[in-house]
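Letters are used for the chains, namely A, B, C and D, taken in the order the chains are written, and counting of residues starts over at 1 for each.
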Amino acid sequence: MAERVRYGMVGGGPGSFIGDAHRKAIAIDGNAELVAGVFSRSPEKSKVTAELLHIDPERCYGSYQEMAEKESAREDGIEFVVVVTPNFSHYEICKAFIEAGINVACDKPVTISYDTAAELRELAAEKGVLFMVTYTYMGHVTSKFARDLIANGEIGEVRTVMAEYPQGWLAHEGDFGGKQGEWRCDPARSGGVNCLGDLGTHVENAAATFTGLKLKRVLARMDVVVPGRVLDDNDQVLVEYENGATGIYWTSQIAIGCDNSLRLRVYGSKGTILWFQENPEVLTLIDNDGNIKEIHRGYGAVTPGAAKYGRLPAGHTEGWLEAMGNLYRSFTECINAKKDGSFTADMVDYPTIEDGVEGLAFVEACLESNKNGNVWVEVKR
Amino acid sequence: MAERVRYGMVGGGPGSFIGDAHRKAIAIDGNAELVAGVFSRSPEKSKVTAELLHIDPERCYGSYQEMAEKESAREDGIEFVVVVTPNFSHYEICKAFIEAGINVACDKPVTISYDTAAELRELAAEKGVLFMVTYTYMGHVTSKFARDLIANGEIGEVRTVMAEYPQGWLAHEGDFGGKQGEWRCDPARSGGVNCLGDLGTHVENAAATFTGLKLKRVLARMDVVVPGRVLDDNDQVLVEYENGATGIYWTSQIAIGCDNSLRLRVYGSKGTILWFQENPEVLTLIDNDGNIKEIHRGYGAVTPGAAKYGRLPAGHTEGWLEAMGNLYRSFTECINAKKDGSFTADMVDYPTIEDGVEGLAFVEACLESNKNGNVWVEVKR
Amino acid sequence: MAERVRYGMVGGGPGSFIGDAHRKAIAIDGNAELVAGVFSRSPEKSKVTAELLHIDPERCYGSYQEMAEKESAREDGIEFVVVVTPNFSHYEICKAFIEAGINVACDKPVTISYDTAAELRELAAEKGVLFMVTYTYMGHVTSKFARDLIANGEIGEVRTVMAEYPQGWLAHEGDFGGKQGEWRCDPARSGGVNCLGDLGTHVENAAATFTGLKLKRVLARMDVVVPGRVLDDNDQVLVEYENGATGIYWTSQIAIGCDNSLRLRVYGSKGTILWFQENPEVLTLIDNDGNIKEIHRGYGAVTPGAAKYGRLPAGHTEGWLEAMGNLYRSFTECINAKKDGSFTADMVDYPTIEDGVEGLAFVEACLESNKNGNVWVEVKR
Amino acid sequence: MAERVRYGMVGGGPGSFIGDAHRKAIAIDGNAELVAGVFSRSPEKSKVTAELLHIDPERCYGSYQEMAEKESAREDGIEFVVVVTPNFSHYEICKAFIEAGINVACDKPVTISYDTAAELRELAAEKGVLFMVTYTYMGHVTSKFARDLIANGEIGEVRTVMAEYPQGWLAHEGDFGGKQGEWRCDPARSGGVNCLGDLGTHVENAAATFTGLKLKRVLARMDVVVPGRVLDDNDQVLVEYENGATGIYWTSQIAIGCDNSLRLRVYGSKGTILWFQENPEVLTLIDNDGNIKEIHRGYGAVTPGAAKYGRLPAGHTEGWLEAMGNLYRSFTECINAKKDGSFTADMVDYPTIEDGVEGLAFVEACLESNKNGNVWVEVKR
């Protein structure tokens, strides 16, 4: 059997939710094993994590630069790195690993500016490394099913999109949602954007993935609702796609009672697709006759390109970790294919740096629109 | 017992859905009886309807002018008129009855321009007639409950509103939805607006009723999506209220699978209210702790001002006709109170001409915003 | 136009929920008008109600016997009587009107014993009067749609039925649910049965109507759960139909949070039907492939025999009163057809005395099963 | 950090769904690592699986007897074995490992007869080994929450339970659901029971876990519905608990459209709990006032003893693998505690051999009841 793919991690130290989540997601299928890392800027904390994770102490590095250098020099060095640090540090870290010729999986948003993201895109192409951006929700079988249905013309031409991602965790005055909320709400560390950077990029990516449409322009209103906050916590965006279709994107951190309520409704000329990430085992397809069809993961109606990611029969619920595991499944398959020379571009079934760049282009266009009084702004490519 | 209130109708002839619906809604409680009418511009058709409805042939009139004149002259003349003609004719008809001193119940939107609506408002005040605009959905017990909860501060200060009313009946090319769709899509008869006039006014009124907030300004995009159509069939509106709260209103006639999917989600500083008109027996209240509470009509948690409109115990579903019946219940109570001198303004528990005017102000501001490239436009008073 | 059918009422005096509900339901379509009645055993109260209802005082009678006699003697006498008294009195009252040749609409259960119900059946046949038993829930468009789908073989042969009707209104010790709860829980006035008589007959009738199957035998456990109560308040019944299919019927008055939660799930060899009376605008049909299809009242997929009862377009919710109105619509159509000689048996689209008899047969078989230690008991015809 | 617990597996070879699922579930948290196994009765197939799983070839054994013997003799031998073979072989395999002093995790039902299960219970006690039976659904945070709420008296005294587990995968004639369906429907390999053994034990265990009640007696009807089948595929059971509460259990493999639709509704004297395993992130709690409260995993209302098993914040859905992982988390904690001497019985937070025995007692009582014409049968202890 193929050996497990070796990977390292930057970030994911004590108290980090997202680093632990990536490790768990990768562990489910066992296609990769963690062998190196810089888990914290504090060497002490990094060491503690490395020990807990049974990492060879030699491969617990003092800095990501050291890790990139030494791992790229080893015969048995890591084949990809997972970058799960706060957003503002993604750029430098990713750059270092790309330059070292190491494939990268980076949490979203990939950087905090369009220019840096685009630079990583060019660099990755130049160096020939694979670059995944972990828009986790797109790993669900039902997300891929929605994408396939629309691509297959099941709902005709897309006409309008209602996409939203409300949360409620920052609804209360004085509440900064702990460590994570802190840097998210800090302009210096977040690129001048909070809610729209975190949630808006998910919405943008989900709509783009489902519909296959490119954004042409946006008109955004980004509000700071909770007293005492500096950055946006409730965002309303009108969008227009290149084919003339339109959409409304709404993201919020003040919607009490909402968790990760990413919801897409795509209305086409021949039908409608409804999808809700908190009920990810189900896709609703409305045919031209208006009758509403609920299709469960595991059923025959699911397209093969989506169905193949299911691990369990219908009724055995799969969740968020499994969705992320699906991204890593395609990513490690591509890495293995690159090694044995069988890789082709159409094997890529995960969000790439291209998706990452589009996310930043979206955010920056929104920031400009908001600054200029909610006017239409073209989205860069 | 109080005699039944006598009423007449203009419109509601053969094939009219809405006139029949008003008659049925009024009949449920039996507080009023239909005694006069001009049911169609065709005297033939009008007569047929009058006969079916057991109306005295003498009181089946040739024109609304004649009806207003003769009924106001009778000892036993009608005490209110129900106006259920196409929108463009509301103004002249309502005006005639107000001038004759007869109370008016008019379907929404009350007219097709702000100026005419405002004129009716002034005239009604001058003549001292009661003027109801039948925003039916606001008659539901749960609508009134939502209004009371927010007024009582249950969800704190309103911060943002998500309100939408998608339908799918005009989604198909070449499909004008029969007679009704025809005039709705005809600029000459609709005031230059289709979807936003029909559905947007419902959304605007529902949001205003629930929150008690006044609109300050709007930014609207009104699209013509289905090829071959002239007027808007998909509308996206950003709104701002006078207290600084914001909202998104979406209306559509191209959302396949949607019926009358008027849905309101109101997010406050201490909680959230969710309401969906197609499931009108339920209101969802989310408290500050984020737990989601579903409250059914008929339960003790419902506020007295809302609960009193329930006719049946919980579990015996009430629907749209009952909601309209509730509007007429308050309207006829007020008419009776005026007769016996006990009427006070706070008895009014139905949408009035004031709501009607606000609807037109909203529509006109949207039209201007859309014409000028989706810019902010102040809403008149 | 056909004159309105004249009707009278026995029961439905001050404080009666069900009498008022029948009157409102009939009023919606206006096919019949109330002209006579005995609204209470107290002549005082009866008179008050008659006045409120604008009944000619002469036709407010002192007893049902007098009413049957005098109305049958009048040229313009009532054409049907609505019997909405407590269950134990149905038999005598219905008998009197049948003998007077007057059509009968009686609330369910039609009597409190199989023998009396069967006697009414024979008598009605002999006298040639129409006899409706108002199992209201079977008036919903979606109930009729379910019946049609199964009759058309859409789900193949019925294999098993899960039917239930839990309520919570009598869950609390010391709580007898007011006046209505009082007689329901009193053995002397209820035929020795409470919950199963009230709710079980609905379940039995709904299952029979949907599936078209006849009960062969039952095995029942009827429990008295709440301390201080004498009659059953939670009932569990295993059933077997003549074709060998099986079912579970559950009824309860102690299920906190349940209102009128009549729910049917019918599993066939080729599909499944799900129906819930508190969401009566929707029927769920699961095809052989397991995908779940939600069909709304008002859509083209609804069978013509069901669709014709809709008054309002899809999305304008219809409820319980409308369902009851549908029963009266067919009933009055049949009465009119009898008058003009066009009546045929296949016009009957409402529950009849035959359904009433089956209900009592079911209840008595359950009582015997429970008394004998939960053994199988054949159901009479 | 504590070393990972070493485990082996019997079963789980090529094409086995359940063995792979156990491995993935254990991998999520990484508390244990697979080091030995007999993955198939075919040595060839076993070897292939061992290689895929990176198992030392020496520790891929020819028989479970050999594995028990050799692993118990090693210094670094396995600390627990996972038994995921067809049900009929559980007894012999579990016995061998218990006798070798190795802790056991066995899939449910633990054996195919009460006597063998009880024997394992005694043997495990005697040998002092921990014995987990993997009733996966009880690993959900919301299952533990339901258990805690009821134990804390939140819904008062339990009065009646509605529990069901319908599936549709064996609804079609000639369809035996592949390899797994084959042995399930074969009397020789299934203990004379199919649906009730597979699904009924889940229902029984879930009801027992939630309510804490012991079964007193059952009355069962076990039907063979699909032509050509030998064993039960649709089962209806009335149950009575020792405290006098009652319940209905329904299991089916012919309910088209159902996946793993395990649903519990528990009605108490002060409230109600609703839980559905296909929506396992939510628990519904109905208070005495009848209002319906939906509580999400991750919220403050969840009891600490349940909340501690959550890995991800609310809104990041956890599913079936995570639920099974939760069982293994407690199991490995107990194993570690046994090693360091800190183990106490109240640490056990997973289903044990006692639950396994109760499952078989339930099945055997049902079989006897069904054989004797659906009569009450006492349940053994």
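Convention: contacts are C-beta pairs under 8 Å (C-beta built on N, C-alpha and C of every residue); 3 or more make two chains touch, one makes a residue touch a chain.
None of these values were measured; they are calculated from a predicted model.
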Which listed pair, A-C, A-D or C-D, duplicates the contacts of B-C in over half of its pairs: A-D
Pair exhibiting more inter-chain C-beta contacts, A-D or B-D: A-D
Chain separated most widely from subunit C, comparing mean CA positions: A
Whole-Å separation of chain centres (CA-atom averages), subunit B against subunit D: 56
Centre distance in Å when subunit A and subunit B are each reduced to the mean of their C-alpha atoms: 44
Computed distance of Cα centres, subunit D from subunit A, in Å: 35
Two or more partner chains touched - positions in subunit C: 258, 290-292, 296
Subunit A partner contacts - residues on subunit C that touch it in the complex: 289-296, 299-301
Of all residues in subunit B, those that touch subunit A in their complex: 155, 159-160, 162, 164, 166, 168, 171-173, 219, 221, 223, 225, 234, 236, 238, 246, 248, 250, 252, 254-258, 265, 267-272, 286, 288, 290-292, 373-376
In the complex, subunit D residues that touch subunit A: 1, 4, 17, 20-21, 23-24, 27-30, 51-54, 167, 169, 258-261, 277-281, 296, 298, 311-322
